[in-house]
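Note that chain A is present in both complexes that follow, paired respectively with chain B and with chain C.
Moving on to the complex of A and B:
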């Protein structure tokens, strides 16, 4: 009788273990067996309880880590956005074209040139030439540390495009290092007007201006004479 | 001037010693070839000393039109007439340079006024040269 009772008791306890495990599997991490009796089975029950405890800890830790990672990711994404924004700002800021005198535009270039930047620079300069009607523009590259083939090519393109519009483009401030690289790379800049310093370029531009002004004056004075003849 | 009703014609205006050609329509290849011979004929007929071609309205210039324009400049220069291309748009200039059509030997000007000045200057220089050589 007591044996039968024992067996039903054990069956009940096994059922309970099963229930608890099912509950844990379903996600209820607070479920425990909490057996009060002391026998062979209670060891197993205690072990299962311990396992569930470990599992709970592990899961909690994982959740925490996941949250941290997500936080960091969003932070990084925000920083990325700022960087992109700043890059765009820098691109716009880094190529100002200003009119310094009648008919004279200056584009000072500072920092390393890449193709994207040169492209924007070139577009800005050409737009400005058309907008202001200035026929002389000075491209000052004093602030450019190095020049490679690609950049030299872009500079050439800028000058040629400006010429196609009907404006003259002078490059000033070529440093010894840049001069060396350009010659070593075998790039022919002979078709481009180059001046040592921005000052020289300005003087050249003013002279050019004066020449056109002289011609204007001449045409004013010559025309009446021609009529007299 | 012959009037052909089936073809669009680009007007060529003569002012003083100069011819003014203002391209106001999109150029296609046939029109470009026609314009080229039209301008050369007009140069012969009027004895113009300079041609101003205004392309400020042209938003798209392909390699063919570019070659036509530079070709026309050299043809006209053999006929002792200077050609100035006027008012090219920045985008067009960039495209031409990217295409490798840098048009060496072709004079360009920002606008009609500058172009006219350029022609006057050149004519005066030529006059001076002939005067000095005599």
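Moving on to the complex of A and C:
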């Protein structure tokens, strides 16, 4: 073999190495040099093929891991959605408004009143007032440990909104300690009807009911034809 | 501001979410009870703390509360510090007056908290932050 022929041959093989490397770099992980000759250069060619093998393995491994991570992530997101849903359900549950007597709604408030809960509580109550046409609602806060200015503010707003819908609110269950605290805070709750216990509030509500009934009866008596019209 | 190296730190909590307010409040009530304060005093100090924490959360985006027990003027006391790195309060006298609010509140938080405790110290610097220390005798 002439020297010149040899050099041309080697140049060709180097070109091929370059092509293969370019192909791999472009993403073709199946490209290999697969040299058939046995000489000094073939050692390098084999080494490059091995390197590409390693690289391919690693990339495949990484893809697999990435897919696993993505799967796990979507699972976690799914679980998170469930948790949020459950939390919302719980919020709804924790402000149950019920009609306990003709014309009387009761909303027992338990636990801490943060702004989100108060919002839901208020909406529930107002909806129920419209739905049932009740004109008396009792907010029992026996289960609320701390009444600060924000809670008081929320209560005032709820009472005012209910009033706009034609319902009177009674707040019951203010403990002596909380009563003193409210006074020291300086908040004026005198525009709200309050009763010490839920029982007191119920008795008040029923009396109020009876009075309305009496007035209805009276007007019926004064103008017996009213019903006919 | 009143301070003493010999106070025993009972607890501390970082305030980041509204839920942290609830937890910090429970912490305060727990220690007030542990120090054998009566139900009225427990409620008063917890409510005062609630006001300070809500302010930190609303106006400074968060802060930190530290609870100590120790001697102040030779009397046993529960000492609570609430500090934030928020915008600070420009006019302290105005902020401390009944009915003043820069937002949608009632404006009774700060003056009300002051009336609920035995000692109330406030320091504030615009763009640096606000620190309030309240003291309740045991």
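The criterion applied here is as follows: the second predicted complex is superposed on the first by the 166 of 229 C-alpha atoms of A that agree within 3 Å, B and C clash if a C-alpha of one lies under 4 Å from a C-alpha of the other, contacts with A are read in each partner's own complex, and residues count from 1 in each chain.
Rule of thumb we're sticking to: contacts are C-beta pairs under 8 Å (C-beta built on N, C-alpha and C of every residue); 3 or more make two chains touch, one makes a residue touch a chain.
Computed from a prediction, not measured in an experiment: that's the story for all the values here.
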When the two structures are overlaid on chain A, which partner does A:129 contact: first (chain B), second (chain C), both, or neither? first
If you stack the two complexes on chain A, which partner ends up touching A:165: first (chain B), second (chain C), both, or neither? first
By the touch definition at the top of the document, which applies to A:153: first (chain B), second (chain C), both, or neither? second
Answer with first, second, both or neither: which of chain B and chain C does A:112 touch in the superposed model? second
Quick check for you: in the superposed arrangement, does A:6 touch first (chain B), second (chain C), both or neither? neither
Mind listing the chain B positions that touch chain A in their complex? 85-90, 92-94, 96-98, 102-103, 107-111, 114-115, 117, 120-121, 124
Seen from chain A, its contact residues with chain B in the complex are 122-123, 126-127, 129-130, 133, 135, 157, 160-167, 212, 215-216, 218-219
Would you pull the chain A residues touching chain C in the complex into a rising list? 112, 114-116, 145-150, 152-153, 175-178, 180-181, 184-187
Enumerate the contact residues on chain C facing chain A in the complex. 18-19, 21-22, 25, 29, 39-40, 42-44, 46-47, 50-51, 54, 98, 105-106, 108-109, 111-113, 115-116
